[in-house]
Amino acid sequence: MEIFVYQKGADHIDEGFQAEKLPELVANPENLVWVDMESPSKGDENILADVFHFHPLTIEDAVMTRNQPKVEAFPDYLFFIVHGVKVETNSRNFATKELDGYLGKNFVVTYHHENFLSIDKVKRQIRSSAFVCGRGADYLLHQILDELIDLYLPIVDDFDDAINDIEERIFQSKNANNEILEEILNLKRNVARLRRITSKQLQVLYQISHGEFPLVEDAHLPFFRDVYDHLQRVSDLAESYRDLIGGLLDIQFSVVSNRTNEIVKVLTIFSAIILPLSLIAGIYGMNFENMPELKTRNGYFFTLGFMLLVTIALLVYFWRKGWIFEKDDDEKSERK
Amino acid sequence: MEIFVYQKGADHIDEGFQAEKLPELVANPENLVWVDMESPSKGDENILADVFHFHPLTIEDAVMTRNQPKVEAFPDYLFFIVHGVKVETNSRNFATKELDGYLGKNFVVTYHHENFLSIDKVKRQIRSSAFVCGRGADYLLHQILDELIDLYLPIVDDFDDAINDIEERIFQSKNANNEILEEILNLKRNVARLRRITSKQLQVLYQISHGEFPLVEDAHLPFFRDVYDHLQRVSDLAESYRDLIGGLLDIQFSVVSNRTNEIVKVLTIFSAIILPLSLIAGIYGMNFENMPELKTRNGYFFTLGFMLLVTIALLVYFWRKGWIFEKDDDEKSERK
Amino acid sequence: MEIFVYQKGADHIDEGFQAEKLPELVANPENLVWVDMESPSKGDENILADVFHFHPLTIEDAVMTRNQPKVEAFPDYLFFIVHGVKVETNSRNFATKELDGYLGKNFVVTYHHENFLSIDKVKRQIRSSAFVCGRGADYLLHQILDELIDLYLPIVDDFDDAINDIEERIFQSKNANNEILEEILNLKRNVARLRRITSKQLQVLYQISHGEFPLVEDAHLPFFRDVYDHLQRVSDLAESYRDLIGGLLDIQFSVVSNRTNEIVKVLTIFSAIILPLSLIAGIYGMNFENMPELKTRNGYFFTLGFMLLVTIALLVYFWRKGWIFEKDDDEKSERK
Amino acid sequence: MEIFVYQKGADHIDEGFQAEKLPELVANPENLVWVDMESPSKGDENILADVFHFHPLTIEDAVMTRNQPKVEAFPDYLFFIVHGVKVETNSRNFATKELDGYLGKNFVVTYHHENFLSIDKVKRQIRSSAFVCGRGADYLLHQILDELIDLYLPIVDDFDDAINDIEERIFQSKNANNEILEEILNLKRNVARLRRITSKQLQVLYQISHGEFPLVEDAHLPFFRDVYDHLQRVSDLAESYRDLIGGLLDIQFSVVSNRTNEIVKVLTIFSAIILPLSLIAGIYGMNFENMPELKTRNGYFFTLGFMLLVTIALLVYFWRKGWIFEKDDDEKSERK
Amino acid sequence: MEIFVYQKGADHIDEGFQAEKLPELVANPENLVWVDMESPSKGDENILADVFHFHPLTIEDAVMTRNQPKVEAFPDYLFFIVHGVKVETNSRNFATKELDGYLGKNFVVTYHHENFLSIDKVKRQIRSSAFVCGRGADYLLHQILDELIDLYLPIVDDFDDAINDIEERIFQSKNANNEILEEILNLKRNVARLRRITSKQLQVLYQISHGEFPLVEDAHLPFFRDVYDHLQRVSDLAESYRDLIGGLLDIQFSVVSNRTNEIVKVLTIFSAIILPLSLIAGIYGMNFENMPELKTRNGYFFTLGFMLLVTIALLVYFWRKGWIFEKDDDEKSERK
């Protein structure tokens, strides 16, 4: 647990306080107190209850994970749950982590089981300049949320890359490929998760940024709206990716079906040309004693010639059906 | 029918009253009375009408099953219908059971044809500690609903397992498999049912938890909101499972189509290579008297050699088409 | 045209009045008058205009069929159009029939071209007991609507049976079957019609049951809400059937595609095993003079042995591909 | 440009006025003036600006075509754009044409580049009876819109016929048929257009018929609502056709896939039975010197017998797989 | 940076001012000042902050690209972001470019990194006639937006052409064609982007055109509504193209599946006719010593005759199945 205190008008923040000093620090309205509880202990929980007197249900929510984003107003404070994201290395999955927190008149409490890059970044910021703290507790919260939401964008960009990559492979790979299907399914699932998370989170940010809570100063609403806009963009992109991924499956399916068509065509042409020739050969391979053709001088060569005729006739038939010798056509349209 | 009575300020609850005492017990505003009617008899119905004077339509609803969740306000009481769930053993189906009930100023009546684990649990709770009763009839109702909704989560987790299981089998099974289709269909149906039930139930909980009914104390609203949040989570998951299951069907279909493509390719390659060779053999199997090649010394070996050439030519053709010898490519992409 | 008159306080209803008496009967506020016009004549139309002075547009609507359900308020009366259903014998189709009507302070007029079982039932009820009439014109209307909506449920149950029946046949039938497709299409159409009808009708019942019209007493609203709930249930089921039917088509398609896959596999295995063997036989069927193998003592038996080897090799190949000898696997998973 | 004038209380309308008289005619509040501009000239445009002083943007809209239906209120008049339809002969397409117009206290201006059957019909009506004009400008407008919307119904009925026709052909045609696909696509497009047009138009009629504009008398609202109801019906049908057409494509696809399955089955059965027999024949066609069977007395007949056995075995195999001799089963289910 | 100044009542605009004069020019309420910053420098940014005192967040938004369209009201000015489009030459893609801007009582500031044809056009207009400026800053803004939105229509028309072109090629091309799939996918993506952009932009224009901002004069609202209507039309078309493109994929897929069906039919007919004949030939090619038929005088001709019979029988079989000789039928239906 780290405690940051900024005294109104000061040009720096103070750190390193013990938990025991908290009641006194918070009681002084001249102080802005930020309590950050990372991987919190049982003792931290007690502070929420004993020092801040937060509603027991909110403490229960904070202690548990797997909650959904929400914001709830209480007379003296707001309770919020938001979700951060982190890319898992060496994979296209992403994980979410929960950030619970409270915003009061002169305090911000953040409570999280996992490390947040965004919170670390805000700590560095306020250590180097007290400017953010000078604008009040709500602005400090804005700063934390802003950094947290900014980390969503790389996730979305990853999806974009993944979709393009899959699309390219669909058209290039020459074999029906279940591997691509697995990736599409995985991507679909990730995008669905992102959509679910962002949609809940947007509600939270909407409520905060549209003046619903008096604890957030009107002058700071545009800043929260800015965060809202960023998340809205993430959400819109996720929504449009969903459509595209659904399309990928259709396209993959169509490509496979086109290829099957191509393969069956090859089979059919081969069979339809060679089977009749084999029949002719078979007929003259029969052992009847009385088969006049067999004794003619050029029967063999006439037969070969006839086979050639049949072959040509069938090639013309398939050519007119448009099944062969259409290469030029393709090349033309490619050049176009 | 069991009757539980808690007298204001007491530290325990009283049990074992006869139905005859009910009017008197309920009339005393110092009492909190919980009447639980399990597998109710005709006599129980009469109590609803004669002792509590509930609206006849609500009694009719309670007696019948197959109603949808709802909550209706009457001047002195609320009537509600909610649905509990139970997993059926040895299957992935779940059943619902109806819980009808009334909430009054100082009483709760629950009426159900089937046994509810959640109600049994609340009974054990109030027997061991009167705390819940001490907070009033609405809080007692909250406790019942809370336990009831908590039993939805295992159902949802089962779905998650089932989806993952099916997905794995789709990719692993080497044969087109109607059995998987039946499971997908069954899962789809179950998820659809869960969605239908939860969506109605959410309305009920929304109405109760947003202060629509004065019988529910404002101070207890956060507790009902908590129950609402839990059910909302169930509903959201069910909604996202629906999408995933729809996707499973597409994936299964794509996988089968990929496999058919693969099979047709094998057929085509075999046919296209062997049919021409057979034709050659057939030609030299003809019985024409004048076939010069037959008499040459090495005709047979030249022919075998020619067959080899044809085979190689066709293999090269299919290799350039990308239909064979692509294993390395797959392995590479897997390694990636 | 039948006229039923109930005088306030009476314990029975009077019947058999002539049309001429209507103005007088309706003018007396102590009377509740129900005029039921079945297969109405031109004279009946005139009564609507001359005796009741209904708006000409409503009369036009009543005379015409193929209107959509609606309810319209006029200063002294309500005009409504609702639809009843009837199952067509020996088929899975259902027909709708239009019931037009007016509700006034002390009268109900029903106007319909076809016979309604529900109306007949209400007539029997009020003949045997005047209780319904004693509660006023709006309650009488409720009774009619209640009976009418109750007849929707058998339709919905029929759909449920039909879906289960089709599903079973999809999985059992061993042949691709256009007949099933036709049934699915027909079912889809019927469910779409039911959804369309109920959605309009729900609006009508919503307006009536939510106190929008002063002609309906507040005390009777719960009764109309009950009717609304019943229809809502029909509508919800129809909605969920729609999803299921869409799924049936996908499943049917998947099953056929699985079967095609299975068939192609059989074809491929047969071809791939027998074609090479035929080639070998063909080679030794050639008539070259110099074919050393032909003269060896055991050439024939070696060749047969070689054929056996090739067969085994190919069987192993297909077995490792998972295309044959997987029966055990299936049985296992079925036993599971 | 035609000008119709009805003087309050008169029993006929006057016609044949010159454009110069218009300002005077309109200025007299006792007159109801209808100016119908068909294939309007530049001079007609000027009248809109100079005589009626309409907003320049509305005049621009009127002059241009390809606008969407809308209605806009100005202090003294309403401007509206609605679309009529006409069936194109010898095809299943329909065309739309734009009708722009103004409604004032005592005038109606209609402006259209194409001929409207509905407007011609209203002219004939008011020439034979001044009744419509006697009810005011808004009622005259209602009459025009009513006739215009009535012409939508034949379009919708055509769609219904087309869907049934296509459905029948899908099931009856024995060949995969791109022609049907083209028709489905065309139908889809037409229905989409109809939906787009009606949805915009419904908004217009909703606004007019729900008392939004004081220029429309309250007493005439039911008449506009009636027009709205008719269009609503067209829109609902178009919406449901959209679903059905989407279903047709699925069904067509399923039917083709069923047929492919059937064809592949025939191929497989033929191949699987004849290929083994050919192999046997091929084996005994080999020219090995030492093939003992060849010399036996009944070898040939035993071989033929063995071929018969193989054939029977394979037929039994396919029969047990359910691929052949299932006709009876089909007939049974048809009889059902 | 270009500065245009129009003094109230003047008949021309002044140009060529230096940035230093801006504060003075803007301070004079008799002036209408338009500052257009194209490819703006750091100095331009400073002017936004120092001269106009715009909110820092809006300046940040303006400097960055990749924002979404929005409009935000501040006490003295509006900040807006809209997107223009440009067709990329030699392709069916389109690009968007961002236009940020401010509208004040007597000024318009436009800020963009790329050149806008629409802005150039408005400059030419106001240079040739001060009429637009005479109507105020909001009307000048309207003019810019109007020109900007008008450039969307060619994009939409391009889509229409592309869809028709693809549709034609689907039905005409005789080969399964992944190229068409790629185009469909590309088109889908472009339409999705257009829908996303227009939907956000519609919100912006809706807010401006419905009197939400006092800076826009009521008398000018119809002009903004006109721009809104134009964009609405673009949006509606994009929406309907989305449907059509989804349909194209289905149709392409159906066409390929029809063609595969056709190909498989050819294969089946060839195989089913020739395989049995080959078998007969094979049987009489066996080398059994005792094959009585071989010695008969006409055995060979009888066999040929028998082959002919088999061929005819099979052709009749396939003809009755409707697989061959159906050309007439097709021609008939085409003629229809």
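Should a chain be cited, it is by its letter among A, B, C, D and E, assigned in written order, with residues numbered from 1 in that chain.
What we mean here is this: a residue touches a chain if its C-beta (ideal position, glycine included) is under 8 Å from a C-beta of that chain, and two chains touch if they have at least 3 such contacts.
Keep in mind the model is a prediction, meaning the values are calculated, not measured.
*Asks:* Touching subunit C and subunit E alike: which chains?
*Replies:* Of all the chains present, those in contact with both subunit C and subunit E are D.
*Asks:* Angle of the rotation mapping subunit B onto its copy subunit E, from a C-alpha fit, rounded to a multiple of 5 degrees, please.
*Replies:* 145
*Asks:* Roughly how many whole angstrom separate the Cα centroids of subunit A and subunit D?
*Replies:* 40
*Asks:* Which whole number of Å gives the spacing of the CA centres of subunit C and subunit D?
*Replies:* So the centroids are 24 Å from each other.
*Asks:* In subunit B, which residues are in touch with two or more of the other chains?
*Replies:* Expected reply: 253, 257, 259-260, 264, 267, 271, 275, 278, 282, 285-287, 291.
*Asks:* Quick one: which bits of subunit A touch subunit B in the complex? Just the residue numbers, please.
*Replies:* 55, 57, 67-68, 70, 72, 174-179, 181-182, 184-185, 188-189, 192, 196, 249, 252-253, 256-257, 259-260, 263-264, 266-267, 270-271, 274-275, 277-278, 281-282, 284-287, 291, 293-300, 303-304, 307
*Asks:* Could you pull out which subunit C residues touch subunit B in their complex?
*Replies:* Going through subunit C, the ones touching subunit B are 167, 171, 222-223, 225-226, 229, 232-233, 236, 240, 243-244, 247, 250-251, 253-255, 257-262, 264-265, 267-268, 271-272, 275-276, 278-279, 282-283, 285-291, 321-323, 326, 330, 333-334.
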